[in-house]
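Listed after this line are the structures, all set down as C-alpha cells.
Two complexes follow with chain A in common, the first pairing it with chain B and the second with chain C.
This part shows the complex of A and B:
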C-alpha cells in the first residue's frame, strides 16, 4: 500500500547515499577527482598520492555508512517498543552509559582490545536504557515523551560526571578518551569495520525478522496480544538489537547523537508505519545523514575538522526541539 | 471443523493480589449474540480479557473446543478468538486499509508480505463495516463512529469464529450505535460469528442480544434470554436502581425505564 511513495523514497534515498559516499571519499582537506577513485579500485597497489588518499578515506566512509545505518535503526527500534517518538540512544542516556563502562574498563580493568570495548559498552548501554525507562515510568501517565527526555538527560548528566571523575586524574586515559568523548568516525580502519560488521548485521537482521511483529506492537498491547503476538518477547528481542547496534557503534566511534532520533521520525512522518520499509529506509537515510555530517564537519572545520558527533548534534538539535513540541500533544 | 465452543469453568482472575473474577462459570452460546451487563467495575472487561488470554486465570480452566487455552499456541487462538478492546490506539497517520491489514497478523507466515487470502479478508472486513471508501484515508481524519468501525474491521480481518467487543458503542451517538450494532447483527446472521459484547445501554442490549449475562462484583449473577432475565428485580440487583419494565412496541423485547428519585413513583 502506498507503494509509489515508498518506491520514490528508496530511489531518492539510494541516490543520496551514493552521492554522499562519493563526496565523503573525494572531498577533504585535499580533494581528489573521480578518476582517482576509480584508479583506487582498479589498482590497489598504486603509489599515486591522490589514489592513496582515496584508499585511506574509504574505511572512514564505509564505517560512517555502517554507523549511520546502525544508529538510525537503533533509534527506530527504541521508538517502536516504547511507543515514544523521542526514544533514541542519546536521549535514553545509552551512549553515556556505554561511555562510562568503557572508561571504567580502560581505567580499572586495563581493557585494551576493541572487542572488549564493544562488550562493556553493550552491558553499560543495556543497564542505562533499562534504568532510564524505569525512572521515566514512575508516577502518573507512564513513560511520556517529556518524562523520558528528563530522565534520560538527568541520567546522562550524572553518568558524565562519573566519567569525568574517573578520567580527570588519569592523564593517559584522558588522552584516549578525549577523542572518543565526542563521536568521530575519523580514525577508523578496515579492521574496525571487520570487527563491528558481525554485530551490526545481527542487529539489522534481527530487526528485519521482527518487522511484522513491530507493526503489530504499535497497536495497543491488548490488541497485539489478542492478535497472537508475544508482546514481551518481541520487545525484548527488539531492545536487544537496538542496544547492540548503538553500543557497537559507540564503542568504536564514541557517542554520536540525534541520528537515531531524527531519521526514523521523519521517515515515519512521511511514509507511515510498515516496519520492513521503515527499517530499510532508516538505514539508507541514516547512513547518508552521517556521511553528510562528516563531510560538513570537514568543510566547516577547515583547516582541521569538526567531529561527526558535533555536526549531527548541530543538525539534530533543532529537529529534536520540533519533535518534542509535537510530542506534547501526540504519541507515536 | 468450526472451533467455537468456549467454556469457562470456575475461573478466577485479578490484578496482582486483588482477585476480581470470583469463580465464574460460563458457556458462550455458539453462533449467537450475547451481551454482558453490569455496573462499572463489576469485572466485565476483566472477563473478556481472560477469555482472550490477555490475563491468565489464577484458578479454573477455559477451554476452546475442549482444549485448554493454555495448551493452544497464541497465534492459533487468535485465529479463533478476536477482540475489540475497550480502548484502541493506532500509529499516527496510518491509512485505514493498512490498519485493517494488521488484523491478518495471526494468519501470516514468518517474514512474508500479504497474500491473496489476506487481501480478500481485508476487503471483506472493510465491506462488512462499510468503510471501503475510506481505505486510503488517514485514521486521524475520521469521526469517532468511523474510527470504531475501522477497529472492528481490524478484528474482522482476523476471520475468527468468536468475536469479543468491549463497549463498541460507548462515546458514540445513537445513530452510530444503531449502525454498528446492525452491522454486527448482520455479521452474526451471515457468517454465524459468535459475538460477545459489553454494552451499557440495557434497551439496546435486549433489542440485539439473543442472550444476556449479568455481572456484579466479579460474579455472574444471572444469565438467560432477555425476556427471562430482564426483571425489575434483576435491574435492582445489577445497578441498584428501581425501574419499570414495559414491552418495546417494535421488537416486543423488554424495555427498562429507570425510576428517578424525582419521579414520586412508588414501586
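This part shows the complex of A and C:
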C-alpha cells in the first residue's frame, strides 16, 4: 500500500470536510460571514441576528457530519461482509424494514420518544437484513451481488406495501411519514445529536476494532479460519455494527440512500483495501458528501430546499449505474 | 411403443394445461360477476345482464359507468402485468426480476405523478404522457445496460438504480405538493381502479389483446431463450431479434396498464410463478399467467373495496402478497428446492 497516497487522501479528505462544514454553516437563505461564525463560538449568549442563525445551523451540520460518516461506514461493512461492491442499506432494503417498524410503532404503540424510534428501527433493520441475506443465499452460487440486489429490491417493495396499508387510513401518520420518508437532516437539534452519538460511537469503535479481522476475511474465509479467526463471529459483529449505524441515522433522519454505496466503493477503487484506513476515510468522505449534498439541495431547491435524501439519490443513482457499467459481467 | 409413451406424456400434460386454463377462466368469470353484482347496492346477475344489454334501466349508471369500466380495467391491466412480468422473468432467468422491481414502470409513475401534481392534467392526457415516459425509461435502461452485448444481470442492476432515482423524484414531488393533492398521488402510486374513465378503456383493451396475441405467436421461441443464447441460436432462433421484440411488447403492455391503473404492485411479480406452480413449466405459460394476473387484480380489488374496515386501493392489497411470497421462496429453498 502506498502510504504517501493514503496520507494525501487523509489531508484532502479533512480539508474538504472542514470546507463543507464551513459552507454548510454559512450558506443558506440568509448567508452569514466567517466573523459571525467565530462570534457564535466565542460568545454563546450573543443576541446578534447572524450569530443566532449560525447557532441554529450548527446542529444540522454536526448531525449531517455524523450521519454521513455512519451511513458510509455502514455501507462499507455491508460490502465487506457480503463481498459485494453494491451493498448498501438502501439497496438491501434495510431502510424500508426500519421504516415499517417505525410506522408500526407510531401507529399502534403510540411511540413518541426518539430513543424508542431508534430501538424499533434497529429491530426492523436487523430482521430485514437477515431476511434479505437469507433470501439471496438461496439457490445456486450463494449470495451473489445480483441476487442480493434483487432480494433487497423485492423485499423493499413488499414492505412498502405494508407501510402504505398502515399509513393510508391515518392522515396524521401520513403527514409525519411523508416528511420522514424522504430523509432529511434539517430540523435536528443538539438533543438528537446527544441521543445518537453513543450508538454511532459504539458502531464505529466496533468496526475499527474489527478492521484487522475484516482484512483477513477479505483474503478468503478458509484462510481466515486457518489463521485461527472466528469468521462467523467477526461477520456477525460487523453486521451488528453496520445495521446499528444505519438504523440509528434512519430513525432520526429517515432513509438517506446511496451514501453508503458510493463512498466506500470509490475509496476502495482509488486507494487501498486496508480496513482501518477504509473505515476512517469512508467516515471522512461520507460526512463530506452528505454535507455537500445538503448544501446543494439548499442551492438547487431555492427558495425552499431539496431534502438531503433526494440529493444523495440524484448524485448516487448515476454513480451506481456507472459502477455497474464498469464492473465485469462475471463479477456481477 | 416407447415413442407412443412419450407422446402419451405430452398429451396428458397438454390436457392438464388446458384443464387448468379452463379452471382459471372460470375463476376470472366468477370474480368478474362478483365485482359487477356486489357493492354499495347489490344486484342479481340477471339484473346486471338486463341493464348491460339495455333491456332495463335499473342501476344503469352504477353498472354501466362505474362497475363495468372498473372490472374491465381490472381484467385487462391484470392480463398486461401478468404477461409482461412472466416474459421478463423468463428472459432474465430470475423469478424475482419482474418489471416493477427493475424500474420499468417507475418512469411512467414519475411522469404521471408530475402531471397530476404540477400540471393538473386530466386523466387521459396523463395516460398518454405515462406511456411515453414508460417506453423512454425502458429504452434508457436497456441502452445503458447494453455494452458490447446483452447482459441480464446488468439490466437488472441498472433497472434497480433507475428505480431508486425515480423514487427519489417521486418522493420530492409528493413533498413539495400541496397537502390536498397528496392522497390522490399516493393512491395513484400504489395502483388503483378508482375513477377509471370509459374512454380510456378501448385503447387499453386493443393494445393488451394485440400484444398478447403477438407474444403468444412467439411462445416457442420464448421457451427456448432461457436455455442460453448459444443453445437458442442452435435451435434456429434469432436471439437478439426475438428478445428485443418480446421486451418491447412487454414494455408496451406495462406502460399502457400503468398509465391507466397505476403500477398495481406485485401482479407482474407473482403471476408468472403462480401460473408455473399451477400449470407446470412445460410451456411458456403466457395465457395462464395472464389469467392469474386478472384473478389477482379482480380479487385484490374486491377485498380492498368490500372486505376491510376502510377502502384500500387494489395495489396496497396485492402488494401485501409480495411479502408472503418471498417467505415462501425462502422456506422452499431451505427445504432444498431450486430458486
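Please note the rule applied: the second predicted complex is superposed on the first by the 323 of 332 C-alpha atoms of A that agree within 3 Å, B and C clash if a C-alpha of one lies under 4 Å from a C-alpha of the other, contacts with A are read in each partner's own complex, and residues count from 1 in each chain.
Following the convention adopted for this analysis, contacts are C-beta pairs under 8 Å (C-beta built on N, C-alpha and C of every residue); 3 or more make two chains touch, one makes a residue touch a chain.
Just so it is clear, the structure is predicted and the values come from calculations on it, not from any experiment.
S.K.: Identify whether chain B and chain C fit side by side or clash on chain A in the overlaid structures.
M.R.: Overlaying the two structures gives chain B and chain C room side by side.
S.K.: For the overlay on chain A, what angle lies at chain A between chain B and chain C, C-alpha centres, nearest 10°?
M.R.: Nearest-10 rounding gives 90 degrees.
S.K.: Look at the residues of chain A and decide whether chain B or chain C touches more of them.
M.R.: The partner that reaches more residues of chain A in the superposed model: C.
S.K.: Regarding the shared-chain residue A:162, is it in contact with chain B (first), chain C (second), both, or neither?
M.R.: Touch partner of A:162: chain C, not chain B.
S.K.: Once the structures are superposed on A, label A:12 by its partner contacts, choosing first (chain B), second (chain C), both or neither.
M.R.: In the superposed model, A:12 contacts neither chain B nor chain C.
S.K.: Does chain B (first) or chain C (second) touch A:151, or do both, or does neither?
M.R.: second
S.K.: Classify the contacts of A:219 with the two partner chains as first (chain B alone), second (chain C alone), both, or neither.
M.R.: first
S.K.: Kindly classify A:206 by the partners it touches after superposition: chain B alone (first), chain C alone (second), both, or neither?
M.R.: neither
S.K.: After superposition on the shared chain, which partner residues are touched by A:324: those of chain B (first), chain C (second), both, or neither?
M.R.: Only chain C; A:324 stays clear of chain B.
S.K.: If you've got the overlay open, could you tell me the nearest Cα approach between chain B and chain C in whole angstrom?
M.R.: Least C-alpha distance: 13 Å.
S.K.: If you lay the two complexes on top of each other, which residues of chain A touch chain B in one and chain C in the other?
M.R.: 332
S.K.: Enumerate the contact residues on chain C facing chain A in the complex.
M.R.: My answer: residues 94, 96-97, 100-102, 144-145, 147, 151, 153-154, 156-158, 160-165, 167-169, 171-172, 174-176, 179, 182-183, 186-187, 190, 265-266, 269, 309-310, 312, 315-316, 318-320, 322-323, 325-326, 329-330, 333-334, 338-339.
S.K.: If we count contacts the way the header does, which residues on chain B are in touch with chain A in the complex?
M.R.: It comes out as residues 49, 52-54, 73-79, 81-83, 85, 87-95, 97-98, 101-103, 105-106, 108, 110-111, 154-155, 158.
S.K.: In their shared complex, at which residues does chain A touch chain C?
M.R.: 86, 90-91, 131, 134-135, 138-140, 145-146, 149-151, 153-155, 157-162, 164-165, 168-169, 171, 174-175, 178-179, 181-182, 257-258, 304, 306-307, 309-310, 313-314, 316-318, 320-321, 324-325, 329, 332
S.K.: Can you list the chain A residues touching chain B in their complex?
M.R.: Residue positions touching the partner: 1-2, 208-209, 211-212, 215-216, 218-220, 222-223, 225-230, 268-269, 272-274, 330-332.
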